[in-house]
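You will see two complexes here that share chain A, one where it goes with chain B and one where it goes with chain C.
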Partner chain A sequence: MPSEIITLQLGQCGNQIGMEFWKQLCAEHGISPEGKLEPFAKEGSDRKDVFFYQADDQHYIPRSVLLDLEPRVIDGILKSPYKHLYNPENVYISKDGGGAGNNWAQGYHQGDKLTEDIFDIIDREAENGDSLEGFVLCHSIAGGTGSGMGSNILEKLNDRFPKKLIQTYSVFPMTNEVADVVVQPYNSVLTLKRLTENADCTVVLDNTALNRIATERLKKATPTLAELNQLVSTIMSGSTSTLRYPGYMNNDLISLISSLIPTPRLHFLISAYTPLTSDNTESEVRKTTVLDVMRRLLQPKNVMVTTASRDKNITHCYVSILNIIQGEVDPSEVHKSLMRIRERKLAEFIPWGPASIQVALSKKSPYVTTQHRVSGLMLANHTGISSLFDRMCDHYDKLIKREAFVENFRRLPMFKDNLDEFNDSREVVQQLMDEYRAATRKDYINFGNTQTAQGE
Partner chain B sequence: MRQLPLPAISLRPIDTKFKQISLIYIGSMALHEALIALQTGCSGLLTLKQDDPHFKKRLPSIPYVHQGELEILDRLTQLGRHYHTIDEYVQNIIKTKTSGLYILSFAFELRSILQSYLQCLSQLEHECLQNTSLTLSHLLISLTDYTLLFPALVSLINTLQSSGYRGCQILDVIRRCTLDGNTILSSTMKKLLCAGHRILIKQIISILTRGQVYDEYGEFFIGSNNSINVEAMGMTTPSISRMTSAAASRSHSPERAMMQTPQPNSAITPGYNQYLLIPEMLPSYIPLPLADKILFIGESWLLLKKNDDDDDDNDRNTRNSLGINSIDYDEQNHLVQQQLHALTLADDLNMFELERIIERARIDLSLTLRNLFVDRFHLIDELEQIRGFYLIERGELYTLFVNRTSQLLLNTKKSSNAIENDINEVFKQCLNDLHLDTILTNSDKFKFKLDFPPNELVNQEISAARRLLYRTQGSNDNSSSPSDFWSCGWANLSIQYKVKYPMKAFFSENCKQRYNDIFHLLIVLRYVQTELNSLWLAFKNHHRNSLVWHLRNTMSFFIDNFQYYIQIDVLEYKYQHLIRSIQSSTDFQQIKHLHELFLADIQTHSFMLLGTAYQSIKNILSICASFCLTIKQQEKKENLDENVLRGFGKDFNDEIKLLFGILGMVQKHNALPHLGVFLTRLDFNRFLTNNNGSFGEF
Partner chain C sequence: DTLQQSILYPLLYNCTIPIRDMIVEWICNGIINDPYQEFFVSTDKMVSEEKLWYDKYTLRVPMIPSFISMEQAKKIWITGKSINFLRVVCKDRTMLQILKTPAPSQSLFQQQRSTEFQDMIVSVYNDTTRYLRSILDDKYQMMDHFKAIKRYLLLGQGDFIKYLMDLMENELNKAANQVFYHNLQSLMDAAIRVTNAQYESEDIIKRLDLRLMYVSPSELGWDVCCLDYKFDGPLRTIFTEENSLRYMRIFNHLWRVKRMEYTTCGVWKQLIKSSRQFAAIPEISDMTHSCFVMSNEMTKFVQSVNYYIMFEVLECSWSDLLSKLMEAKDLEQILEAHDDSLLKILTRLHLDGHETSQELAKQLRCIFDLILNFGAIIQRLIQCVETELAARKPYQQQQRHGTFTKNNDSDAEVQRFHTVFKPQLKKIKSDFLIVKKAFRDAVLKFLQQLKSHPDITLRSLSFRLNFNEVYKVSHALKSTA
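Our next item is the complex of A and B:
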């Protein structure tokens, strides 16, 4: 079963997202919550084996590893109808069960201690398939487990599986209001360093934007956590749809990622999905055409990251765009839409190289009925993402200037002697932002060289 | 013929003492002489030397005979001489029986004209005997029709004899003679033509209702096709087959050779290459499309009735079902036969009616065939399979296949059974691993083959634009190493598709060749893309040396877009269109035509028919391939030689510029409607336009 993908769900947020993701996948492939193939699921042209494997009794089991330092969320999953779906060996809750206390250093440290146990699971899972393509990690970067343990695992994954892809779906915290976790800026910046250096592709899911979209598009005054997670799982399942419902092209992860990421550091992707519906609301989008879908995907209000199109006198632009269009689509419609978008200059692109909107056509699951003929997902590399990092760094800088709340960190080995790791991470994030800003300029081609000189 | 029931015939010119007798019985003898002359072309009165029949000089003057009467006698003699010529010709034809049905029928018709002439003579003789005072003028007047007709017939015979026309060709000649203002002449000619048409209609009926060419003498405008391969080879122009480099080696494949061998005892293999049209035999007044339709109907009958020798047991069912069908056609056949027969009864062949009958028969048959192929033989399923294998519709399958055989095929330089088996095994394994065996069910029909062109051809090709697989540091020039990308296994991989009866009727050799030509491009594209992607993987943790990244990215950009253009913009679009047309069409022939159009369209739109552009694309592909291989080789070394990279960048850019130059020109002429799609994609952010058609400075 080639090009399998292993999903790692970390921490509270990661497991909640993961839960929604597997629900969605089961629905799309006609797999019951117990892992049995539904009797109606006769149509066999989908690929279940990328994300599932079959047990001896033909049950489908997700290639998923559930990790947490506290039992609450995973216990919840194990009480849900999906409790028999997962391989119980792949569910790992730290024995002391105390969690990471929203402390990156705590999570990182615990991750370090649990390395052996965790990688026993991951290695076993990796050997289970015959040619693993990569890992998908879902987590939040604000808390302790997802960010801290996530960072630790990222470092080790990259070390152990240097030729495997590591993609993350990372939930970024709200930046426009007072954080519920005070050290969240610390956690974020420390994690961002690992995401920059050890992940190959990060799909950034900005909680601010998720909330905004849920409120605006779904007409919810206060969206529930489940609804937010559903948004994320829609993105996750959508972006893997060409792997699961293969067509002519884009049927491995690498082909999706490599067309989006021109240089290794610029691997933070924004995403959008349209039309969005929730179970109990009528969708306001009545008619869907390819052009409509593609145009909506480019509208900032649909993008799951709040980015500024301009900051510090820089006009941000798209490095690359991949639109995954699901449904019955006439290829000529796609072309007409592209022409229209180009004429109206709806998307600004980089000046230093050729770039276009890549389109991948994907089939829809025959088992999930949707109100819409066409739906679309955008994954894009946009330099404006640096403004998100910028906001995070602002918060971080304010805190670190006062060395606020650093005591919790100092208690752990990494920060025992000094706070170099903080500065180092901040530096990496700064370089990242600089590179993204440089990517808006014509001379970006030479940026790499000078930066290498600085870096070495 | 010789035994004319007339007493006159016994009065043959006997003696040279005629002069004296004539003096006595001049009145009645002149008439007799004339009658004899009319039958033989010579008479004692006119001939000086009996032993030389060709010396026919009339005596300048004969006493008691008026000069005017002599003139009339002359004319009558001439008529007789024509009769003699025609008669001789007819006798000759009937005796030899080797000149073919058309000439024979023509001769029989001539004979009946001659008979009526003789009848006329006997009538005259009768009159002469009853009334001795009849004048020569009476004879002349009575035979006016023949004095007009015979010279024309003689000249027609001369034309036929001198030109060596035979079979259907003579119809043309005769028909030209019918176009005469003289009604007698034209109506007689029409009769002659009609005789020829009777044969023609018989032959047409034979092929229309039984699918057989009844043509012993090679006279019909449809003949059996002795070299089946001609069709396949003929369509692919030499330049294309050279570029795709598969056609040349087709004869090496043993299976194919087997297929080409004619079936023993002329058992006919169904398919649309059994017969062929012989244009030079086609009378000019029968339109070529009509002849094509006749050909199509005939071959369709063959298809419906006969069976393939390599049918195996599970095909027996289909065979039976065909048998059932053929019964239903008897009635229809009968109708066609009657209608056509009715045509021959009229003295003028009603072309309009003929076309109508044949078109109706064709429509009926074509509908039946369409229903058979689409509903019973699941033509669309077969096309789906073909799309899966040749057109790489199951992308994941080929991604896996390319990944698994990438090295093997790269290092393969010549074809061998072992390697082919390996490749096929790997492919089968891929199918199993992806659980595609339930979807691509016909995998046993599709076999990979390595078709390496013969050596001398390769050398010619390479010398034009040699791209080395590995570029060593510093040496940008072409060395003599033969490791050119286009000589490795990837560039010479093709699929052999074993078409079973009855699908053979739909997929000609030519179609398969075209599918393979398309497959060549798609598989190489897929290979290069996979290599570029694996370079991404190899370098993902080297966060440095952007030149490699940028070059890789740009190449990938081109390859991805080109692939999208071919697979989606062109292939998928055209394919959907084809399937829709098949579903809505009621005409098998049209479906077949649409399918061929589909293939031609794809080839055109993927620039295969644009020599220079296609060469340029091939060069780009090989630059990308060798870039990947070179970088991978040097990956272990710490520093990549920047000059090597820049060399690749320069080559790549040069080719891109060239390609854009060509495509820009094509676009200006609006020759390819889909080209704009491709160019828009590549130049979406107007980078190419702003950079003079280059992808950047490397």
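Our next item is the complex of A and C:
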């Protein structure tokens, strides 16, 4: 069947959000934790074959590869009710089992060593489908495995599958000064270079924002990991819903993302979801309308990335916005809502080309009951994402100036002779931020000329 | 006064008896026994089954007695039609009801005194139309077929449509007279087997077919190929041949816009996937950046058109249709609801034959041709870059192995770059600039034409296309939107 997608879950965080994602998908498609179709799941209009394939005995298996350098999280999955869901041949834990010590270089080099084994699995899975559309990678960028091994895999995926789309759901670390992992900024910058150069689309999940939202939503001071990952799985399932429920538009990944991404580097997307938190007070009084949903999706409090910009000279703006709306919607409201949003200037757009809010309708699962009549997901390309990278670079610069903790990296081949890799990565991130900032201005159409000048 | 009344009453009474009898016979059995042509419903025996509802029974307005209102006459007419429709077209001979006590003759012309006549008309009308509706819904699954039309003829089954288009692309690129039905049909069967269409009920799948509309020999397969949905029995009355043709025109248009969507996605993907190679030749970066910007512009254009189609055209008319169908009591109302929705779709897709609509259609085709043109230019660019990079490889090898001699080899290399690559690139660039300007001009003209179209929904398309107002449309006419 056409347009299959293979999910790669990498490292502790990657596997945790992957697990929540598959849980959600099983619930939506009426698949039991063992992979069998539930008796109530008779309605055949959903497309399970994008993310699942069927074994000979008719049970459904996720097109997923679970990778890690230490066993803890994957073991947890394999002891959970979903232990029979996954293809055991697609689970790979490094025999070393020691993890990557939150060190990007360790993760990267172990990835090198394990390339053959890992790509045996990936190649086999890729041949399993009739027409693979691409890969989705889940990972965090601040640790060791998801970031380092993830970077390695990204590079190799791009080399070995040059025509396939590569999308990532990348969890960015919380940006407080004192990080859990001291070399977090190094790991992040090194990974961000690979995300920039090897991924076609990255959905940025900012842990700071996720925590803030989970705290508000659950009214607890410290939400659990499971609660945070639930938010992520909501985003992931929402952004794949049009792939899984065929409709007039957005039936494959490429049509979803091609209008969101104008140029190769500007491919970092922010996401928002509603209803999440205190939105609900109004819905008790009247029914939620399309305008309500679209308005809330533009509110920073519902966005899963903190993009507060410190640069007063730049007005950040949207390059593109896609709203995917599920539920009981009166289609004639869409046009009115768009007009209202434009009238009230609720969103600022780029000046150098056409841009707008596109609204897509998606069907939803008949088996999952939701409290809310209407829900909405936003995927958007916003130049303000560069301020997230900016803050990351700030922390990075402070550390690298003192060459703090660099010894851990020097032990590994890539950094043995010099720290060029660091500088190179930092340079790539700088170019990324510069391009995002340039995209806020009209002269962005001539951006290529500045590049030509640089190249000569 | 009483004397007049005493004369007129028996006269009227006797005159009304035959009318009353004819009405009762008509609304209970659908039969007209009218040797003197007095009844206000006439029948044309030559009309076929398919046209039964439309043409067989005519309401002869001049023959409606003055004491029967137009509304009552219509109900009477529809009731009898429904019975005949049930018997002949639905092949249902269930005896619906025998009026135990038909309203007496005087109740026809004394309606201000008693509602017996009105009650009789309304109750028989209700019973008959309700029964007909239940037959249409249950025996003939009318709603299922409406939904199937939305999924197939109106492209709702996106996975099937995409796969079908992928399979058919090569065939459809040929000239129209080289496109053969049996080739396309086997492709369609393949698409059904492989996508979610395979889970449809047999009854629905067997009705899917392809039709080739011949417009003119200069057309391509893309212009003539249409998906069709075959109807029979009573549903043929709703989905007449004329309506089928309308659906075909709609399908063809939607299919073309979809094709543009896939084209722009394809161009985007090629550009993105070639960005590494582009980066290896820094001299072309201003050109490639412009290509990305143009690709983005074209993608956004097609997308906006598509989303407009999805909401303002398809979803709005569908929800309208659904609510009208829910309220509809008789077949006449069902037909009206369906015709209304089809006309709405045609207008909003500028296919209604209106002069401004035709201009818009032409302009859109022009824009689509430019997009295809751009796609071809991008292919050439990528080819050119790949050739250049491949040509550089031996020199790069030599450099690595230290066998690169400064004079001869480097001269040849520079020569090649200037005499082969650069001129090719220049040609591509100039073609690109032509398309770029033409596209922008065409879009501006399209926006202008939209603004002056009488249909308010079509005007809203310009709002979507120019949401952030980057296109400066001159206001030739004051817009009243």
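Keep this in mind: the second predicted complex is superposed on the first by the 436 of 456 C-alpha atoms of A that agree within 3 Å, B and C clash if a C-alpha of one lies under 4 Å from a C-alpha of the other, contacts with A are read in each partner's own complex, and residues count from 1 in each chain.
We adopt the following convention: a contact is a pair of C-beta atoms (placed from the backbone, for glycine too) under 8 Å apart; a residue touches a chain by one contact, two chains touch by 3 or more.
Computed from a predicted structure; not experimentally measured.
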Discussion item. Quick check on the chain A-based superposition: chain B and chain C, clash or fit?
Written reply: clash
Practice prompt. Check whether A:95 is in contact with chain B, with chain C, with both or with neither, and answer first, second, both or neither.
Written response: neither
Worksheet item: Touch check for A:47: first (chain B), second (chain C), both, or neither?
Response: both
Worksheet item: If you stack the two complexes on chain A, which partner ends up touching A:345: first (chain B), second (chain C), both, or neither?
Response: neither
Discussion item. One more residue to check, A:258. First (chain B), second (chain C), both or neither?
Written reply: both
Worksheet entry | First, second, both or neither for A:287, with chain B first and chain C second | neither
Item to complete: Tell me which partner A:401 touches in the superposition: chain B (first), chain C (second), both or neither.
Response: neither
Item to complete: Overlap the chain B and chain C contact sets on chain A and report the shared residues.
Response: 1-3, 44-45, 47, 130, 162-163, 165, 197, 200, 246-252, 254-255, 258-259, 261-264, 330-332, 334-335, 338-339, 342, 349-359, 361, 445-449, 452, 455
Worksheet, complete the sentence: Per the touch rule, the chain A residues reaching chain B in their complex are 1-3, 44-45, 47, 49, 130-131, 158, 162-163, 165, 197, 200, 243, 246-252, 254-255, 257-259, 261-265, 330-332, 334-335, 338-339, 342, 349-359, 361, 445-449, 452, 455
Worksheet item: Which of the residues in chain C come into contact with chain A in the complex?
Response: 154-160, 162-163, 166, 194-196, 199, 261, 264-265, 268-269, 271-273, 275-276, 282-290, 292-293, 296-297, 299-301, 303-304, 306-307, 309-312, 314-316, 318-319, 460, 463-468, 470-471
Fill in: Complex interface listing, chain A residues touching chain C
1-3, 44-47, 130, 162-163, 165, 197, 200, 246-252, 254-255, 258-259, 261-264, 320, 330-332, 334-335, 338-339, 342, 349-361, 445-449, 451-452, 454-456
Discussion item. Can you tell me which positions in chain B touch chain A when the two form their complex?
Written reply: 392-396, 399-400, 403, 430, 433-435, 438-439, 529, 532-534, 536-547, 549-550, 553-554, 556-558, 560-561, 563-564, 567-569, 571-573, 576, 677, 680-685, 687-688, 695-697
